[in-house]
Amino acid sequence: MLEIYMQPETITTPDNLEKPGHFCGICGIWSPLPINVHKYTFYMLFALQHRGQEACGIAWQDSTRIKTDKTLGMVSQRMETWLTTQEVSTSAIGHVRYATHGGSGIINAQPIAIYCNKGHIALAHNGNLSNANELREELFNKGNIFQTTTDSEIILHRISHSLKQSKIDILHDALQGVEGAYSLCMLWDNDLILIRDPCGFRPLYYAQKDAVWYTASEPCALYSIAAENIHEVKPGEIIIINNDGLHSYTLKPSAPLRLSHCIFELIYFARPDSELFGKSIYAFRKSLGERLAYTDDLKPDIVIPVPDSGTIAAIGYAQAKQCNFELALTRNHYTGRSFILPTKNEREFAVRMKLHPISSIIKNKKVVLIDDSLVRGTTSGIIVALMREAGAKEVHLRLSSPELKWPCYYGIDIPTREELISNRLSPEAIAHAIGADSVRFMSLEDLHTCAGHDACNYCTACFSGQYPTKLPSK
Amino acid sequence: MLEIYMQPETITTPDNLEKPGHFCGICGIWSPLPINVHKYTFYMLFALQHRGQEACGIAWQDSTRIKTDKTLGMVSQRMETWLTTQEVSTSAIGHVRYATHGGSGIINAQPIAIYCNKGHIALAHNGNLSNANELREELFNKGNIFQTTTDSEIILHRISHSLKQSKIDILHDALQGVEGAYSLCMLWDNDLILIRDPCGFRPLYYAQKDAVWYTASEPCALYSIAAENIHEVKPGEIIIINNDGLHSYTLKPSAPLRLSHCIFELIYFARPDSELFGKSIYAFRKSLGERLAYTDDLKPDIVIPVPDSGTIAAIGYAQAKQCNFELALTRNHYTGRSFILPTKNEREFAVRMKLHPISSIIKNKKVVLIDDSLVRGTTSGIIVALMREAGAKEVHLRLSSPELKWPCYYGIDIPTREELISNRLSPEAIAHAIGADSVRFMSLEDLHTCAGHDACNYCTACFSGQYPTKLPSK
Amino acid sequence: MLEIYMQPETITTPDNLEKPGHFCGICGIWSPLPINVHKYTFYMLFALQHRGQEACGIAWQDSTRIKTDKTLGMVSQRMETWLTTQEVSTSAIGHVRYATHGGSGIINAQPIAIYCNKGHIALAHNGNLSNANELREELFNKGNIFQTTTDSEIILHRISHSLKQSKIDILHDALQGVEGAYSLCMLWDNDLILIRDPCGFRPLYYAQKDAVWYTASEPCALYSIAAENIHEVKPGEIIIINNDGLHSYTLKPSAPLRLSHCIFELIYFARPDSELFGKSIYAFRKSLGERLAYTDDLKPDIVIPVPDSGTIAAIGYAQAKQCNFELALTRNHYTGRSFILPTKNEREFAVRMKLHPISSIIKNKKVVLIDDSLVRGTTSGIIVALMREAGAKEVHLRLSSPELKWPCYYGIDIPTREELISNRLSPEAIAHAIGADSVRFMSLEDLHTCAGHDACNYCTACFSGQYPTKLPSK
Amino acid sequence: MLEIYMQPETITTPDNLEKPGHFCGICGIWSPLPINVHKYTFYMLFALQHRGQEACGIAWQDSTRIKTDKTLGMVSQRMETWLTTQEVSTSAIGHVRYATHGGSGIINAQPIAIYCNKGHIALAHNGNLSNANELREELFNKGNIFQTTTDSEIILHRISHSLKQSKIDILHDALQGVEGAYSLCMLWDNDLILIRDPCGFRPLYYAQKDAVWYTASEPCALYSIAAENIHEVKPGEIIIINNDGLHSYTLKPSAPLRLSHCIFELIYFARPDSELFGKSIYAFRKSLGERLAYTDDLKPDIVIPVPDSGTIAAIGYAQAKQCNFELALTRNHYTGRSFILPTKNEREFAVRMKLHPISSIIKNKKVVLIDDSLVRGTTSGIIVALMREAGAKEVHLRLSSPELKWPCYYGIDIPTREELISNRLSPEAIAHAIGADSVRFMSLEDLHTCAGHDACNYCTACFSGQYPTKLPSK
């Protein structure tokens, strides 16, 4: 999945439609007494930076209203401001957004803060609604206006339109009929509200420390503020935190739903030190590599990961094969915020600037390259060429996930089916196309095996085409 | 009115409510073929910079949607970007916002671009709606959400809620019941739309040059792109410009209305080389000074304007009195974008940094100071003290407008009644308070005399309390 | 002299040689106890901003060495930093640099701080050395290296090369043989040193307030920090301020020299509220206008200044002629920091964006335009055209200085002789070239008359070619 | 050596003296025809970014002189400017500077460009002169001034002072008596000059591609522009490249010298894919880990590197011990340019934000941590604590270099002897101090063994105190 990762950094495709709202990180804080919420939000967003580098923002409760501070780029840009501000508050939420094709400007940065008949509300959203178009259409017909192209705005409209009285009734009402993935942090007047969709697509965790409540997409963000006793916001749970304490409610889904944790969170997206859906990310990725090894006849001389997405699976693969793991393709981490090359022709330069093979290790070796997934195949072709230039005798590519064939409607930024190489070519044909001696994917069965006893609780629609929710009509 | 002008630059009052949308400048462009709309919008906004230095922005028609580029601060910040972009388009609108108390952040910068059941729309608005609270309440009750605190968002909601079909019917429908001041530039799909409220509070002009249509708050912006044959968008007129040419329509007001041009545009706000409401701004301000002189017994040695707001009236006063006009209070124009002093205690430093008396001219003279208006009186007190320090024998203050006693609901940023010095003190008491030998205001009758035969077409509510529209209930 | 003023803002001529060091402003501060020197330096530099907008900087005494903070652009860019820093110090100097042709980068920004066998020294310099090339050659031959292209670096080298022991002996030694214009502020270890060349080309003033010493190019900067009892650093005076108090010394020039105050400081450069060389700037400029009027047969309908350089002379002209002064050519002050148009072809746009004629005043009038000087004549041609477009019946140009025919070697940024229109054309031919009905310059005799009894103490070489010092050989 | 790496990012120590000029990266380019030198310099500097993140700069030959563009921070900040400029030139040099204690401001950024009796010269320097103080003293006494605190300025002065005629004679003359480390790239009029000190402390390589010459500190930068046939600038070699081709000369050292390549380039500093001093960096670091393992009785459960400095040695250690390598301490790479925490008290937060243990892997394990070196020991203590929190049963620290006991005079930024923990404590005492079960260093003999047959060609003074050149007197 290096390709997905590299694209926003290397090539802008301004002709593409913007698809904001995909992969994101969210966090929140609620304190009985005013504290420096900017500081703690910074620490948490910084720990969630891997979930989105395109934009970041914070919304906090001011004396009379909710204020926001949003910017394009990474959280470190706001470090000085947020760590040194004298302003205090009792609550805040934060958001980082993934760099999608073409960039989508500050207008779509979150949290989104509104004023409506229900009061002042700010929302940070991770996930995509699978019936967003239908819901938006319905709101259009009622005469509502949209100022962003995010799914998140839909939820705010529905809250405002509810005829219910209490916050919990309004939330039940507003989320009734909303399908797909949504992990939410909200500020609503003085309350902090945490919500996770009934399928549990995206993660959300919380913890209390010294009377202050913290919440974040991944436990790693809660570790960063040294919180302990970390709890999961359960699929379909609504948590309201305010001066009356923490109250938990259960969303009643309109139709029976099955749990559908995004398997890609485990494969690629989450931080290795997080524990998501009851699984250690690091251990899971390692087990993928081991499984790949057990089912592979190859006898490689060395195992090389495509950094950083393939690294942990490669460790597992090498241990299982009992052959040498080598970081013989190193990565330059100094790419900074806006590493966009002026022309597409310079793509090869971009890869050369970012990835460096160690020829002394690679020379005359039978190499197995491990990556997490294969999207378009463009970058992989260049990497294989780099290996050949460095003197590799054979280059075999192994992917720690099955063939990507279907779009995701729940927040993973997968290109159209036509662009996905696995829809056009068999593994053998891919090997030919990218110049590798062989290419092998993990099978869907093996992936289920690695997921273990609760394998049925995961969404693997991008591999199988079996979607856990109704699909958008168009 | 130097005080109004200085406050945003020198003192922030974050405890004040934000009142965005006041005094602004707008412009627009429509071309049959794609041209560099950013460049021409820059030229026009630059010429309208005096109407607002807090924020600026542009919205332009992209191939599939409307894009915006907005920033806090002055237009010159975007000069390089807008003058050098290779992007072309067939239409664009622009906006500059006045620096109101406390600043109001990028969230309220215009144009506001939305997507709704009527298509893609962007709006740039100059003026304030006097029944904004009622209209917002009504929209709240229907479940609409607000992402800005501008009145302009109200108009967009009403457009989206209309059940009519054609653009013109929708606009009639949406503006029915909207009271107060609104000069509007809109992009609606590929059309450029110009609207002025039936009272004609704020100005709006347009011209065609080489098949391209340009529109702007003041003629001076149209001069800057060398347009000729400048036309007024008439009070209550709706103009739609598209591939079918220019079409003019008339708004039918719900109740009979009288013309109510803002007299403060003439007294203080518009650029001297503009001709607004059929009057030369320069000539009108000069006539105010002449009138002040004719009705004043004072025999001053020299006439000194408070720069720059009192300058033209001072020229008229001096010519009428046949005594020497001297620019003996000079102003530092290098204040730049964000001239905000850290503490209120430094106010006197702020005035010293900005205004410099020429003692060689002032010494032992009987001075008459001319300004356009008196708001709180704070700065005037410091100016009188500067004159005394410079050796003035006598200091008399003359204002080229009547006593400011009432708030404005149509877009002039006047403080509360309690803060207006003329509500608390008589001219004699003001003179005592600010240390002047005498203070005299122009009478409302004299102002009407200067306005001439169409004096009844002006709104002078801030002096008289006689408002041309129904007042907000609260 | 609007042309000189406009060029750096409107047209860059990167093919020109860079000529840094011309027109500048300097200031300094010395306190017995550590104080917030950044703040006071900011106030003084802000008041000197008219003397240079290209770059600004401060050097201050740190515990062990001298630190600098320099930036391209205006002082307001550093306002927040300098007004809010907690750092204190006992001494500092500051500098603003005039925008010369082509810009010359941060490398030439001052103060220049060095370390040498005489200790830590920082220098801020206003003026140009007329024998810079000879002195630089001599230093070259001794093996010295130059990191800037300023004349100021020469003085620092000469200090370092001196074999004397005490600061005052070293300074005498270093300045022996240095010809031309130099007003200097220096930090030398813990001393503040003020120096003015024996001819007194450029101004320098100082004052004490509450035990702290302040110095600045013009009194207006000392007014801004509310200093009183302002003293002139006398031509040829060296003042050393340290814990032993203030000590004054006299430079012994190598050859007898006559006083040569730059007359252009009075005509154009200094701020109107300053009093330089014993003269009020405002009163002097007004007297130039009066003199122009007395010697002019013209019977104009109205007198219009070219803003802002011709304004005060125009007031004098109008009073003397007893005809109406009108600010009928207004100027947009929002040009900001880097107002550089992309192509030369857009020059006319640049003038239109900056200067706006008031046609209601100009129409059918016999206009006299007043400016301070005429350099290349390019802008004047455009201004005359603007007047014609605005309906002027006749346009007469009057200049409050004689014909500019000679280059300046002391710091005025005058183009080469070939470019100076008065070297190529008679006033009549100039009138024809720029489309004016007539053009008249002040005569050198009249200028001397206005300068009064000490007229012989001024340098008027740019008009007469009679230079007060030896000329550079080439 | 993570500590060295972390300090500039986490803690500023403004009370420290500034020590600029240490660890740096340099590059250069020379072309027979004008080309886009900015672009290629960017590519090379980007590949050298690991050698310095504090400041970067370029100097290039303009038609008449040498221009520079320097900035604080990383190369990616200049990416847009340098990749898109239309300017072409025949030669350029570039520099990146290591972030030293306290930062040292733009004034010390390189290349330094001067004008002197030898022409226009720009210099980029990697290394420190061991007799800098003596040489500077000598130049002081001759009256030279210093505008930076770099050693590099000394070399420029000496060039300017030479009485020789030809460039090569001047260089011989100027470098006679200069001791210590200097790898240099110079622009001198139209020539590109490469120099390496006779001891060969710091690396320097060059290659020709399509008639253009490229040079850089490490081969990895030459790979980035796809150059082949890479040559070493030999110790004591001077190479002059100009229109007459490439000419090589040999510096005659004043005293017999032995080769003294910096062993720390291999241990820590160079990029793993570079081949320096005839050795593959990756293979060397791996061999260090292997050697550590062979001489270690420990039977660990897992081997964990301190990222990124200990990673490759850890791979070698794990392979030699045949036990599992785990990346169980992950590092957040999103720290950006200026990751400086406001207070020292927040150091532990800083480590938590940057390093994340994977408890699922660490729990109940006997862990060996591998790092490259130990400086102060502060960070190591925190890392050991993180391991304990994550449940490690035992924590053993192994260092792939000997005990650091002596300062470096050739460019490595090692703190004072008092601060070096190995000068105060034995390995056993260190283990106690940082809470580890054991701490072991590589022995100097083992390091020599790894260096192989040419071990005597390396400088290991920081371990042994045996300096290859005369020491500074003080």
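To keep things simple, chains are lettered A, B, C and D as they appear, and every chain counts its residues starting from 1.
Assume a contact is a pair of C-beta atoms (placed from the backbone, for glycine too) under 8 Å apart; a residue touches a chain by one contact, two chains touch by 3 or more.
Small disclaimer: the values here were computed from a predicted structure and weren't measured.
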Distance between chain centroids, defined by C-alpha means - subunit B, subunit D (Å): 59
Distance between chain centroids, defined by C-alpha means - subunit A, subunit B (Å): 47
Whole-Å separation of chain centres (CA-atom averages), subunit A against subunit D: 36
Touching two or more other chains - residues of subunit D: none
Contact graph of the chains (line, ring, star, complete, other): ring
All touching chain pairs, where touch follows the definition stated at the start: A-B, A-D, B-C, C-D
Subunit A - residues contacting subunit B, complex: 17, 68, 105-107, 112-117, 140-147, 149, 156-157, 160-162
Residue ranges of subunit B touching subunit C (in the complex, touch as defined): 43, 46-47, 49-50, 53, 74-77, 79-80, 83-84, 220, 223-224, 226, 271-273, 275, 280, 282-283, 311-312, 315, 319, 324-328, 330, 332-339, 341-342, 349, 352-353, 356-361
